[in-house]
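Pasting the structures here.
Here subunit A shows up in two complexes: once beside subunit B, once beside subunit C.
Moving on to the complex of A and B:
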């Protein structure tokens, strides 16, 4: 049985007995996941490839619903007191509140300014001064203002990979989400850009709840407050990061973090 | 031994490639040579004169040139919105199970020989256009419609392929910000695929402007510039197809060759523009 510690902080999200199956797959990819997510902290999800960590992450903002046939069989994800895997959930609204950063930088084919303003404009912000202020604030919070201030009109694809990823973070935080999901955000970046993103993640938790999927155990240890270890679709252990990497409660966790498999 | 074979192989491919260039150059030379008489005696007035009266030795190409441009323009206006709509449906909206059958049937439509479009246009479409818009039914409008139907499948298929190159992760990041499907198509997919879409439009334009069989049936071959698009008109390929057999004087014959030269130059320019778009796109993505 899984070892899930109790969390003293307020919870941003509570997952209960979640089961999820991909279209046409014979077996569910998430099995009976029960997991609290602490508010204003960083929760890392680790585990070998195919363990379901990205699948779980993409359930939080219902990304799976973009493709037909994937089904949430059982369970619930509670957010703001309601079950967000309810079919009646307003997905546009949900995705404004729960933002996402992807494995690769995904700058849109438009200017730097328009990239960051995109989410704001979708919500109907038209006032120029307000747009300017919020874009500037988002770029500052994402630590990329200095490099972009004098070239906001330039094509965003002219930025380096690390800059583009920070631009994507600026774009996501411009709409002030409550939760930000990171899906292996540094897997395509060099070590120095990676450091920048990791610093940013730990800074951002002042303002929002962060869930980060990572392949890299050291990264989880560096940035997170809580770590969840997943294996074959199950959450094996959730614990405080500093405790879990020193004294894991589960045998599987111990074997994974000591490098016996992975 | 293998080295020798490699050398022979390399040289033979080189010779074949050069042959293609030679053929193009030869066509160009012949057209120019045959047009020489017309270029000398008609001068630049050939391009601006509206009177085409072979029996009086008067040759003005403007009605043919205008006919080509206007019928192609009409075809593009009619085909572009439909083609882009079909492409959006196929790449973003249709269910997986629908995509393949519809996609394949559209590609099959592109294989219909243009003479079939011409016959179908003459016997089926001309009466309909006559009933709705008046006039003779034969003319610029009918030619434009038939051409638009003919280039539509190609345009839709290439536009769809261009849209399909948009990475999922890019679309997902727009959805993750609360975008609707319409937002994603408008703000992400179309801008991302823009170069490919424009390239497909220009290639379709090149095909439409040189099209002969489909429009010969429905154009009317009347050398007049009419503001009324329901009236009969002509275009460069239509004039060529209809009049070579009747060319009884050297100047008439040479004037037709100059028309062909003009058409070749127009097509060359269009393809060159399309190419430069495609090249810019590959440079950017690589």
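Moving on to the complex of A and C:
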């Protein structure tokens, strides 16, 4: 049995008994996941490769639906009081509220400004001054304003990897999502850029709820308030980060964080 | 001789042989260009653009009808073929993906691309020219379109496919509907490649003669009516160059020169786009 602690804060998301199977896979990749996500906090997902971290993360914004045949077999994900894996869920609206940052930077082939304005324009913001203000604010919040202020019209692909990742964060936060999903956002970055992104993550939680997948346990310890440990498609343990890394309740968690496997 | 010396020697022989064959290929290319340019430049003058075709021996004889006809035929074929090819390629890459229908369309296009163009001319002759009772510009346009579409379709498919999937996902993750993801992100990322495919497709049909012989045929006089036979540079060139008259042969060289420059230009622009993209 899994050990899932009770969360005193308000919950942004509540997962109940979720089971998910990839198209054609013989076994489900997520098995009976029950997990609260605390509001305005950082929840880290850790676990060995292939345990289902990315799969769970991509269920929150229904990214799996881009490809045919993947199925949510059982369970629910509650967000704003409704089950968002309902087939009738409006995915465009959902993805506006639940943003995502990928492992590798995904700067669009357009200018820095247009990248950050992309989500805003999608939502119909046309007013020039409003666009300018919100792009500037997002770039400032993503700590990349100084480097980009005088080159907003330049192609975004001219930025360094770390800058591009912060640009992607700016693009995601420009539309002020309630939840932001990060899938190993620093695994392609150097230590300095990584530090920058980590600082950002901890700052952003004042405004939004953050779920971050990471392979790096030190990173989980540094940035997160709660940590979930997954193994073979199951959530083995969810606890307060400071407690879980010191006194894990589950034997498997203990073995993983002490480096016995993984 | 040691093993190393042997290997160095073999490597040198291979290098010399491959350089030689490249040079032979280049030599032929420059020979063709040389003959074309020397004969073409001599044959070119303003009259070519001012006068229509005339019987041999007439001073006021030109290629106006062939130039205009060529532009109309290739232009109208492009107007139809480019959107069809790009939309079809978009379907393959973004919607059909690995489905059986998409794979079938890919296979058919590949076969169509390697089909001799004269066969396509014969086909259009059978289904368009025969029922109409006469050659027409439209028949030529249809034949050229049939040749052009699979080329543009497949390059578009390939080029869109090169855009990383995570870029699409990132746009979806911002709440973009699929058509906006395609237009604003995928097309933008593949712009240079798709454009190059279009240019190469247009250049390819620009040099076709065989299918036009069966379809738009020829006309010695100016005509812009697609319902009637229409002159083209290629067919005119064929007729003039193979004629026994000195002045017609000159016009044939002029047509060959203009056509080559047109196609060379399209190809060079295509390469430039690729190079600029590569930077």
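Everything below uses one rule, namely that the second predicted complex is superposed on the first by the 262 of 262 C-alpha atoms of A that agree within 3 Å, B and C clash if a C-alpha of one lies under 4 Å from a C-alpha of the other, contacts with A are read in each partner's own complex, and residues count from 1 in each chain.
Here is the rule we go by: a contact is a pair of C-beta atoms (placed from the backbone, for glycine too) under 8 Å apart; a residue touches a chain by one contact, two chains touch by 3 or more.
Everything numeric in this text was worked out from a predicted model, so none of it was measured.
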Practice task
Put subunit B and subunit C onto subunit A via the superposition and say whether they clash or fit.
Solution key: clash
Exercise for the section: Tell me which partner A:10 touches in the superposition: subunit B (first), subunit C (second), both or neither. Expected result: neither
Problem - First (subunit B), second (subunit C), both or neither touched by A:61 - result: both
Practice task
State whether A:246 touches subunit B only (first), subunit C only (second), both chains, or neither.
Solution key: neither
Practice task
Once the structures are superposed on A, label A:106 by its partner contacts, choosing first (subunit B), second (subunit C), both or neither.
Solution key: both
Problem - Residues on subunit A lying within both footprints (that of subunit B and that of subunit C) - result: 61, 63, 66, 92-93, 95-96, 99-100, 102, 104, 106, 108-110, 118-119, 122-123, 168, 171-172, 175
Handout entry: subunit A-touching residues of subunit C, taken from the complex the two chains share
Key = 164, 166-177, 180, 184-185, 188-189, 191
Handout entry: subunit A-touching residues of subunit B, taken from the complex the two chains share
Key = 95-96, 167, 169-180, 183, 187-188, 191-192, 194, 284
Handout entry: subunit A residues within the subunit B interface of the complex
Key = 61, 63, 66, 68, 92-93, 95-96, 99-100, 102-104, 106, 108-110, 118-119, 122-123, 157, 168, 171-172, 175
Problem - Touching residues (chain side subunit A, partner subunit C) in the complex - result: 61, 63, 66, 92-93, 95-96, 99-100, 102, 104, 106, 108-110, 118-119, 122-123, 168, 171-172, 175
